[in-house]
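Following are the structures in question.
Shared between the two complexes below is subunit A, which pairs with subunit B and subunit C, respectively.
Right after this comes the complex of A and B.
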């Protein structure tokens, strides 16, 4: 790694940040759901997968430009997220053992959506072209416009999320619900509505990541599972329920993976990210930004 | 007017019955205390009034409205604010954000600002700490913030659960002085307290609970002079 010329090294760091920013989008949805509802969503990878397919269909069948196809695709995934929460999760909340039953229900949704995708779209991998071609040379680094665009979109999405959480009435309600569900209810927050919308937002973030990565990775019914696994690594690393934790954790995993793949080989990708996770949990079992349970 | 009436209310946690045939009335502007030992069901009565626990039987009326069929998040907009046991502030929000959450249901920023000034006048300490995270304050300051948050809701009935818990005597005095001030503006109060002495000194009427039932009721001075109450709860 250290025999690498400096510009190449810096280039890889930036590629790692780009990849990590997408992990952060996926993970921030998982962490939002955990933070507000205290449940794990095993259908999260399928929200990502649907984002990829919707984007592909809007581009290839309807011929829409990416600037229209991206917002449309994530809006559709948002609606799917709302529907999944209302139909599969909401009826179980507050019942005995809901922590476990919601987990199983989302696992069921995941299997259903994977097979539905397989049935409807087939098993052939789909690809979409780059939004913009070409590369730019900055101080000896060669960076593709596509990756820089992804990074810009991720930054805008994170700032929008920050604004939503910190500066809007809904964000207040969401944070209050996450901190103390009963107290939020006592002061007028319909926490069940917050849960549903949070699910939709989380789904939309995963969908956004898929539209961004669609031209780099390919689209298939199974594309969600590895990303969800990575999302869980990031969430645990950053601290369950912590939004900044998901961002920093995502970027750490993205950089470490990218450098590791260059230094050793891509087969080591998962080994590397799990090693980092285990090392960090060794010293901070509650994750980087998590709160130590008392 | 805004009269609260529970009649023959029973409630359960899972299969365990927590409340048996509760009859309780709070007239407008009155301070009513509920005393009793730990686990007697005092907190559950408050949680039932504010909708966090659903009564299985009996009726629950406020201001002529059936509270038992009201969503828990709508209760506050009918004029009932609940200061739960242990304050339950939003710990990673600032003091000011916590107070603004009290006005959340009204969805009117301008009104919220007016009430904020009122709460800061009542609790100057909170004004000094407005940007501090609520979870990092002392117990007394947290209790003031919790009461302040409830006042931001413009209640006509205030439910206070163990406001003295874990506070130094000096602070308790301040908190209870404030409670009387709030009441003098016409706000009805249901005061749940383990310290029977304090509760009976503050309230006009009181209910004594044991094992999920109301076993005695009367004016605060009647209960203060009741031999059984004196022996079991006042340590006299």
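Right after this comes the complex of A and C.
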């Protein structure tokens, strides 16, 4: 790794950032759900998986262009997210042991969706073509247009999220709910509506990441679990509930993995990020951006 | 500290002895291999879920990586008996000690965390590391191709009864071994619940702060329960290895095992002495009965998990959903 020429090294760093930006999308959904509902969503990987399949079906069966298929696919995932929250999460919130029961319920949803996908779409891996082919050479670095496009989409999505959270009434309601649920309620915020919509948005972000990565990774019923675990690593690194933490954490993990894979080998990729996770929880359990409490 | 199992200690003991006696005569009634196989699986998972229940139901620490200890015990015992030529009767316990050591190791980061999601994440990540390492070290474990050629338990001879042989066709001997293992684990749990250690564990579950302020050494209690629970899981894993005689990382270390443990424990009743065993029997026999739906097995598990926490949070052993009393949630661990 250290004998690598500088442009190649820089190229790998950029690849790491591209990958990390997708981790950040998945993780920001987890962190939004945690921030508002104080629960861990074990079905998050399945939203990612459904995003991939919807995108594949819209492109291959209906022949839609990616520019149309992406928004449609993430809208569908958004609706599924709303349904999951209403059916499996909403009834448990506020009940005794809800921290634990929501975790188990979303785990059940995850198993259900994963196996439903297996029965509906089969075991065969699906692939979609690149949106744009070709590469560009910048100061000795060779970067594919596809990866640059992914990065651009991630940046746009993050800016849109920032706008939503900071500049809209819904964003204000969401932040108020995250800060103090009871106070938000007193001020007339319908926190249960906020919960449901937040869940939908989180699902849509995971779906967006899937549509972007669909051409690089293949689509299968099992594609969600590794991404969800990666999302967990990222949110723990960044601090659960912190939106900037999810972005910075995602990019750090993306770079660490990319460099780790060149140094060792790709079959150890997950081991690297899980080890990082355990070490963080050991030494700084509240993460980089989280607030240390009690 | 009002866990119902303390109110009628004698009743529980009598029930335990009664169940053991009933189980003991099963092979005298039928020796049908298929039926015994299902019983062995139900008892194995009942015992495994009971060992998980020690940490989760009594100490109230929700871990999500129990499959790591089961799998380590399975692979450890299988490899030791294959490569070193030791008897499975010996390697089984060495594997248990190895799992206990691993349990102590993972308890280190867990000791510092109190938030339920963080503990779930760290234990799951740990179990995934063990699974990936196991499937990558192909020169030892043959990875996903599967480790085969594991020796079955060595046969021996008992006075009065005669030779006891362990082979695939005769499951009676295996059945008795798993009954003893189950009895060992439930017995240990029963014994712990009645002594100081068990009261300490439940005090930790109900309120860590209160327990600590009463002078309980949280670190010692938690490390001990982790070591004990993972040791028992390791021994069960070793039994599994010498029973099925073939291991793959996904069958012995996969998250499916953890999901089964959670489902069984919740159905039966978490934090109940016999809850996990009841759940294991219901799920194992129930899913055999639904055999026509075999391929929908995991689909049913998924729905079941949602349905249980939604409609039957206390489990079938009913009474109390004692574990994990609601705490004021804080976003940090």
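Heads up, the rule we're going with is that the second predicted complex is superposed on the first by the 288 of 294 C-alpha atoms of A that agree within 3 Å, B and C clash if a C-alpha of one lies under 4 Å from a C-alpha of the other, contacts with A are read in each partner's own complex, and residues count from 1 in each chain.
In the analysis below, a contact is a pair of C-beta atoms (placed from the backbone, for glycine too) under 8 Å apart; a residue touches a chain by one contact, two chains touch by 3 or more.
Note that the coordinates shown come from a computational prediction; the quantities given were computed from them, not determined experimentally.
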| item | value |
| --- | --- |
| Subunit B versus subunit C as contact partner of A:290, first or second or both or neither | second |
| Partner chain(s) touched by A:240 [first = subunit B, second = subunit C, both, neither] | second |
| Touching partner for A:179 - first (subunit B), second (subunit C), both, neither | first |
| Partner chain in contact with A:142 - subunit B first, subunit C second, else both or neither | neither |
| First, second, both or neither for A:268, with subunit B first and subunit C second | second |
| Subunit C versus subunit B, contacts on subunit A by residue | C |
| Common interface positions of subunit A, toward subunit B and toward subunit C | 96 |
| Residues of subunit C touching subunit A in the complex | 62, 108-109, 112-113, 115-118, 120-122, 124-126, 128-129, 132-133, 136, 255, 259, 262, 266, 295-296, 298-299, 301-310, 313, 321, 323-327, 329-333 |
| In the complex with subunit B, residue positions of subunit A that touch it | 96, 169, 172-173, 175-176, 179-180, 182-191 |
| In the complex with subunit A, residue positions of subunit B that touch it | 14, 50-52, 71-77, 81-82, 84, 88-93, 97, 100-102, 104-105, 107, 149, 153 |
| For the subunit A and subunit C complex, residues of the former touching the latter | 34-35, 38-40, 88, 91-92, 95-105, 107-116, 119, 225, 229, 232-233, 236, 240-241, 267-268, 270-271, 274-275, 277-278, 281-282, 285-286, 290-294 |
